[in-house]
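Encoded as structure tokens, the structure appears first; notes follow it.
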């Protein structure tokens, strides 16, 4: 029987060496909320688990030159309790908050959610919309890449075998900017998104959108960044015409499948619905109108 | 004599050649079963093992001693369990 | 004795249940919490195919693995003759049950057990399973009930010929039986009707989804004595089935009921126990087995899904003159869907002159169904109560009024024969009418639905003992596993009879060797039937205590009266004696005849039927199709609530399960006949944030056949929710949703289709 | 198979154990240490019956490896009561009949403890969302939520009608 080893390195170098040196499948463990389920079901049979949580900096949130940096393994519950992030990136925070239960929140991380590479991951559309970058470490050193370059297909990422994400960097927020995330699920909690949508916008003093990023989850093999949808928003307030166009381009961007969680037709329609609703929340927030959580 | 009505057409009508209502000489549930078996071989056993009876409106499961009156109306119905 | 009109001190109050502290502290021992010396772990190899012939099973490699102590497959189980009996919930064919526990020639559904191993660790057991080499010949499969009935469908059982039709069919089919119920002349009835409504409906199989997976610990000793600790609704049922399936005498099997983590009907048959005993016999060690959640979904029984048509004819004034129903129930891989009760319950709420119901019991390549709360009734009632709503709309009569006009009353003869007696349906409908929820105006955008339900409730065989301990405290023992607080209700009835506080009585569940036979916990029978036995046992104890007091005082027993837990001289003529309480009498038990105890076994008849009506308000997100339950009221005739909190709890829990059935629960199969959502992630039971508070309204129309007037309460509340919600959705959107679950994609599609 | 030595604090007492990498914290609690109050309902983090508190965070013990417990402080259902005095949450669950079969109850009580530690004054909606990861099939959640709201008020020193 293959035996499974465990290591909890305390430095990036040690972790990279362990990953590089493993003969069989090596998996990075941060929160483990996906990894342990996949191991139990037999879908994954790693030989080595590298628990990265003891690496300095991988858990925690800091500000650097006005930009937030979130440690890759920071549990959802820690992110949600951070006042600064809640003010600047409410959409990202609520997206992370929607992953699983309170119990899962105690463990799940942005890096795990991104590297599990599910197209339905809740925090990923919000990360894409935010324009976040990931600081990746590996035996070839350190690189910073836009998050949308990381997932390449269901369960697949662009990370090399000996690479892992150390932290995420969020861009500096201009005035009158905000974001929002909504996902549709059949129940009110505990489901995987049928469709998810994250939108980040910056407005001018008249409420006209000057910058936007729109992302859709669970409507294609990977989370999508929908430039056409951003283009519909930029240069406009959120009037009825803009909303209608947003709905249409969001639907047009969908390339979903029919599976146990939703059909092609349904997912496509809901993508349009969510895009409108999320845009409304993001615009309100950017205009300084308070919104509650998107439960 | 008590009258027996086969309300459930399922496994029981095969024993009575399609007859659904007939009179039986019996004064208790137990005697009814014995009489049914005598007249329609197999039916008594079927009733015994998987059916309940309603005597004048009330359901009895398993009670041999349940009394039948001369004008009693007896329905044979599926035995009832629950969840 | 009958206490219905007595003033009661304990019954009707809300004491803390006797097993409560164990359950809030983690002390309670469930089946998976048990261990035994030298224990092995047993695991089951399950079919990945929906339908296949087993060409060969080679267990050589698995058996050779270090740490493996036994490997078994179909050849290790005795061949069982086809024989039907009523041991669990409904007729069961022992051969089918044996084949369900361990496949022989064919596997009939994905998850069907075909081999098992016992090993020193779970990891080794898993590894051994992977080493078992099975060659399958995959056969065409069929999942859907109507597909399974169609000519040319893959036939599961070559020896199954439809019963209930004549002449006997020449070819085998998947239709196990046809059931018919007729009253009056339905054709003539429809001719009289001014208005006729018709509808077709489908429901999906839903799982009981108890949170505790099946688990057991079995030990087969060299002298042939077997001990089983298991999670079950009936330990006597486990003993009977295990004995029958393995050819062991009952006296050699002792089954200890562990605490049971939910059942709802799903733990009324055996899956693991015969396998664990066989592994133990072969290995010579104790064997513990527990299902994974995926196993529970794939291999244990949900209730039936169904396809149904209903037709109702009425006069313009709302009087129903004819009703007709065709029900096709999925039984899973072996016959035994709840088609009988399905046929009987749909129209049982109404007084109808002409009724015609036909039911089909149909096998397909799904797990064998098991009982689930009021088996059959929720399915059939979803169809009938949805169509009743349509009839009300068509007639322009209020939904409650239509039901009141046609409601079954005392003396109403049902279409399946029995006459309703001492029923409380009218009282339930009166309670609807006067309830603030029903009277409140509908909020903007909300819809309101009403639906009703009927369940027989059952009695049956129960045994109970009441012991007065040496210090005067009381132990009550019964053979009924406690699934939701029955130890509390039993203890309260005993305490009431003895005249002591509820806390003075400890109730326990005795094992199969320690108490007389007791039929399983199901059909809402425990508080009724076991309660009756316990009450009678307590009464015997009281008589005995009076005799002992009389002996102590040297007066005739007629001169002793029992009041508030003490013996008093009855009146001044009897003499002036200080009253004797239980402690005083127990202290002298040795001098008055020895230990104080009574055991009573009954076969309780006269379980009063239960009726309920649910009112539900919903809002519908018209863009996503998401339904939110805004307000929910469940009204039910409970006879007499012994412990009202647990009665309310039954009603609230039943309603919540119905809400899941209505909106989100279903089995999703891929084209290979494999279940795609075998876990709590995608088999969507309601979570706390899905639910509103559920107001449970207890209507008490006493059941004269129970000493305290109790009726069963656990089954009825799962019956009305599906139609209540469908009717509320109809009210909110104008859409009739005939197919369960009424999930967001279906509602959005219906909204789009309606424009 | 090589086992890892782990030292942790469980219910306030130091605990040392050996475990295999693939053993979850739940496996360790139940099968190695013998604390069987935490239950396995699904093994995939969907039912919450195995809820424990690890360094002040509520987690599913089935979604954490036993080896990760090194140096952690863990509270299970067995550590909620203070000796023979029930915690107010436990007492309130009993008074409200907020349990039927009792299998999900340990997880619900641990989760409620974590909720009230973090938010002593939750709204009903907050309580329902916090507890959404704790499936209960028996009660329909009604009495559970009522018990939670009432014990929260009690613990804040308020009296509720």
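Per-chain residue numbering starts at 1, and chain names A, B, C and D are given in the order in which the chains are listed.
Just so we're on the same page, a contact is a pair of C-beta atoms (placed from the backbone, for glycine too) under 8 Å apart; a residue touches a chain by one contact, two chains touch by 3 or more.
These figures come from a predicted structure and were not determined experimentally.
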| item | value |
| --- | --- |
| B-C or A-C, whichever has more C-beta pairs in contact | B-C |
| Distance between the centres, which are taken as Cα means, of subunit C and subunit B, whole angstrom | 26 |
| Centre distance in Å when subunit A and subunit B are each reduced to the mean of their C-alpha atoms | 67 |
| Centre-to-centre distance between subunit D and subunit B (centres being mean Cα positions), rounded to whole Å | 54 |
| Mean-CA-position distance for subunit C and subunit A (Å) | 44 |
| Overlap residues in subunit D, where contacts from two or more other chains coincide | 1, 20, 22, 43-44, 46, 125, 129, 131-134 |
| Residue list for subunit C, restricted to those that touch at least two other chains | 123, 208, 264, 680-681, 686-687, 689 |
| Residues of subunit B engaged with two or more neighbouring chains | none |
| Set of all touching chain pairs, with the criterion as stated earlier | A-C, A-D, B-C, C-D |
| Subunit C residues within the subunit B interface of the complex | 84-86, 88-91, 163-164, 166, 168, 177-182, 208, 264-266, 268, 340-341, 343-344, 371-375, 413, 415-421, 455-461, 522-525, 603, 605-606, 712, 714-715, 718 |
| Footprint of subunit A on subunit C - complex, ascending | 123-124, 127, 294, 623-624, 626, 663-664, 668, 676-677, 680-682, 684, 686-687, 689-690, 743-745, 748-749, 752 |
| Touch list for subunit A against partner subunit D, complex | 1, 3-6, 8, 29, 31-33, 36-37, 39-41, 49, 51, 53, 75, 77, 100-104, 106-107, 188-190, 295 |
| Subunit C-touching residues of subunit A, taken from the complex the two chains share | 1, 41, 184, 186-192, 194, 259-263, 265-266, 269-270, 273, 295 |
| Of all residues in subunit D, those that touch subunit A in their complex | 1-2, 4, 20-22, 24, 43-46, 48, 51, 54, 57-60, 62-65, 67-68, 70, 111, 114-115, 125, 129-134 |
